[in-house]
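Multiple structures follow.
Each of the next two complexes has chain A plus one other chain: chain B in the first, chain C in the second.
Right after this comes the complex of A and B.
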């Protein structure tokens, strides 16, 4: 039983990493959303396993919320908005770094995540050992996704990946924070996504594109 | 289950803006929305004064078990929130009314605006009174979301740009603060905390047994995270955009109050950190960030062309001065820093209100096109001048006092290098700011500008703040002094007065 658990954790950790790479490497917004959805489903599974292992019932609720909000509601909202914006937003501009360079940098960031976890005085049980580096890697790759492309959509996806990393981080380090805070964080994310959808919509109406290069009017000179 | 009296105090404080927001939603009319929000903001102000007088006697209030914890430090932050909240709402009636008359906004915008103001007040009021650092993070993030909605009220190009940058940068920044908070939580669990390990009071009590390496990293994350929200350089890049593109009353709240709420988070964690690893590491970090912030603000003000952006950079400078005071430490430095929080919260909204009125009258924010305010609007011009003098720290106005305390704490602490650099930067700011200010206030207005103020409700909020700016320059009421003193003891002495 123990071995099955450990095996499940390793596989889920690997899937999470692969899904995060998907956000970096793939080209279109719908592909990113798919990767994000996959990541969120796996994350909900990870939360459920952690709840089972630790016997803390509150984590089950966090798992259900993850499944409901992150893998269903948020992708739906974003797909709806971009659907209304029309086809041209689904094909995306190239990243600043070439695809090959992006993958290389991502790999380095993942290595950095594993290195950092070894340096810090963290707990060393199986859950933390597997998921902590993965969560930090998600955090770093999310930051990379955020800055690596000129489109506002990839900034949203980057934020979402960062947030998934944070969720996994709290889950594996402290078995989540108390339920009320968890709910507050979920509420913040959901509202944040709704607001950014409104902004995306307005941006496309006003500037006729989602290129963040348009957002350079406000300067000091 | 019965409520204690302090439970009711907290409940009422939180329910007032909530009820205001709901009523505005139900009312759906401009005049009603204004009336409701003015009432809710004045009720909040009255309640905060009651809380302050209670804190002055009892030192701490706790409500709902240990969930809410109000000490003198919380009270010092509550005061600007409620005061600036009140004057901003008052100013809104005139300012938004004019926008309405000009056809820039319609009834739907106005209702949304007042809903937003109530929600903004609500989220900010929870930040200093909650004991739970996780809840604090959630509410600080909530302030970001609400204020993004307020900034993008008009959907103009620049407002969309400012709102987007603010949303992305502040959210990424705050995610660092969440990591830091979880680190502290983890350290707290491992030190064998009883009760909720996320409570600030518990963290402070157990801080001696926290893992030092962990606390060090955690505090860096906190400073980067909440520092982004507090506008400390180099994480300040969103601030001038957001503060200059928001509707003026919102700029006043963002600048005068919200920045303080974020700094409050840093300072609370600084108290825990100093309990765990001593003061030298967190204080050095704060001094470095402060010097960078004051320097960047000086350069930006020197080259500035836009009135509201100049004020925004002056906020970066002031947040730097607060951090500097905390970083220099000692009772004097911290006293100066806390006083600076209050003084900034009085002077900056005054300047934003004046600049809002001026830019409505001159129909521009470009400083080169604004001339002769004193001839066109004598009262506004005089208040603008007073506020400007205060902002650069000229005696006998209020900010001079707090700046002087902060700098003398630096000399006492032997931080001569930092103090000398800061003094050079302050001198540059002083000269550049005054050059811009005097250019706008004096000189000859464009031909054809009649002498006319912009209405009584625009003047009253500015006059209230202007009087406080002058008063606090030479006299601080005894009760407030005691409150600031207690706060300094809390920050300096490891958590409890």
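Right after this comes the complex of A and C.
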């Protein structure tokens, strides 16, 4: 029984990593939204498995919230707000690091995450031992998407991936923070997405581009 | 020392691969036609094609050298030899003592090398284009293939296909999450090696983007039959490798009339499902630009690397 649980957890961690790679390995905004949706569904499954293994019922509610907010509400909101943006804002045509290079870098980042977790002292807990490196890897991959891409839209996606990684991080380390805080975080991220998408829309209207590099230029008028 | 029954089993397994390979091509073409709302030719059509081509005369360019004539035979012999190492209806191949997975990849490389030479040999511009593209693709695909194979090899303790399949059929998938990553990588490599759609369109002779067909464009008659047949065999070998390594369910360990029947039907069902899946995938994706293909291969390489990380850490 123990072994089956550990096996199930390892497999779900692997599937979560694969889902995270969908955000790195693709180029269009709708592809990213699909990948993020898939990732959130897997994350909800991971949370449910954790709840089952640890026997804490509150995590089930967190899993249902993940499923509802991250895999349905946030993608809906983002798709709705960006519906009026032109196609040229939605594809990442010119990232700092090419797609194939960023894929190789992200494989190295996953290795780095596993290496870092090996250096940490707490390896007795199976949940933390299996999910902690996955959450760190997710964090790193989100960070890579954030710093590597030029358009503000893809940076929002990177931020969402980082948030998913943090959720898994707290889940695996503390077996779920208190439910109130969890709900507060969910409300926070939803509002954050709405605000940032309004900002995106204003940016595209004012500057005619979503390249955040343009924000650094001084204006002389 | 090999006994007579071992030799018979080994030859039978290779014969099954050679005999069934046109059928797999037929199944894929039929599935593809049906998903595109066409009736399509019957699943036995590749057999009729090969039989017809074998009766036809050949036309050989007077600009070509002996390499052009000899290349289909080397192709067929190299890929046919590889078929002897693949377990089909039993979990081991008696000739597995003579060669492992690396030899299979090496034999594929030999066949590909001569196909590329033949493409260059006739000095038509199409052949040269095809050869240069194939060189680029193969230099990317081979490291990916090796890495994917190594993930499986470190998991099961050896590159010998019989060892791998026996260990795989004896263990559940659950304790080996790294195999998911290896399977993804192997699937991408298989698409590239068999020239399936994101890499190459196998259905057309008349596109500037074609890779394998461009090299085989000058062949006719018996040589063309050999080229097409060996391409089918290569495809079935790669399918069989994926089936043996990643879904080794219901493969019997010891010979016997019941066991062989069960193993053979399980093999046919699994390969048919895989072939139909690949055909569905082909109907749903477009051909990628040639210079975007390294992105796809880098996904395979990264996936195998993560698989290795999962194994060692």
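As a working rule, the second predicted complex is superposed on the first by the 211 of 221 C-alpha atoms of A that agree within 3 Å, B and C clash if a C-alpha of one lies under 4 Å from a C-alpha of the other, contacts with A are read in each partner's own complex, and residues count from 1 in each chain.
Going forward, a contact is a pair of C-beta atoms (placed from the backbone, for glycine too) under 8 Å apart; a residue touches a chain by one contact, two chains touch by 3 or more.
No experiment lies behind these values; they were computed from the predicted model shown.
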(message) Based on the shared chain A superposition, would you classify chain B and chain C as clashing or fitting together?
(response) fit
(request) Name the contact category of A:118: first (chain B only), second (chain C only), both, or neither. (result) second
(request) Report for A:169: first if it touches chain B alone, second if chain C alone, otherwise both or neither. (result) first
(message) Is A:185 touching anything from chain B or chain C once the two structures are fitted on A? First, second, both or neither.
(response) first
(request) Put down the vertex angle at chain A formed with chain B and chain C, C-alpha centres only, nearest 10°. (result) 160
(request) Considering only touches as defined above, state whether A:11 meets chain B (first), chain C (second), both or neither. (result) second
(request) Mind working out whether A:68 is in touch with chain B, chain C, both or neither, as first, second, both or neither? (result) neither
(message) Looking only at contacts as defined up top, I'd like to know whether chain B or chain C touches more of chain A.
(response) B
(request) After the superposition, pull out the minimum Cα separation from chain B to chain C in whole angstrom, please. (result) 21
(request) Please name which positions on chain A make contact with chain C in the complex. (result) 3-4, 7-8, 10-11, 13-15, 17-18, 21, 25, 99-100, 103-104, 106-108, 110-111, 114-115, 118, 133
(request) Using the touch rule from the top, collect the residues of chain B that touch chain A in their complex. (result) 132, 134-135, 137-139, 141-142, 145, 148-149, 152, 155, 157-158, 160-165, 167-168, 171-172, 175, 178-179, 182, 185-186, 189, 196, 198, 211, 213-214, 217, 240-241, 244-245, 300, 303-305, 309
(message) Per the contact definition, I'd like the list of chain C residues that touch chain A in the complex.
(response) 172, 174-175, 177-178, 180-181, 184, 294-295, 297-299, 301-303, 305-306, 309-310, 313
(message) List the residues on chain A that touch chain B in their complex, please.
(response) 120-122, 139, 143, 146, 152, 155, 159, 162-163, 166, 169-170, 173-174, 177-178, 180-181, 184-185, 187-188, 191-192, 195-196, 198-199, 202-203, 206-207, 212, 214-218, 220-221
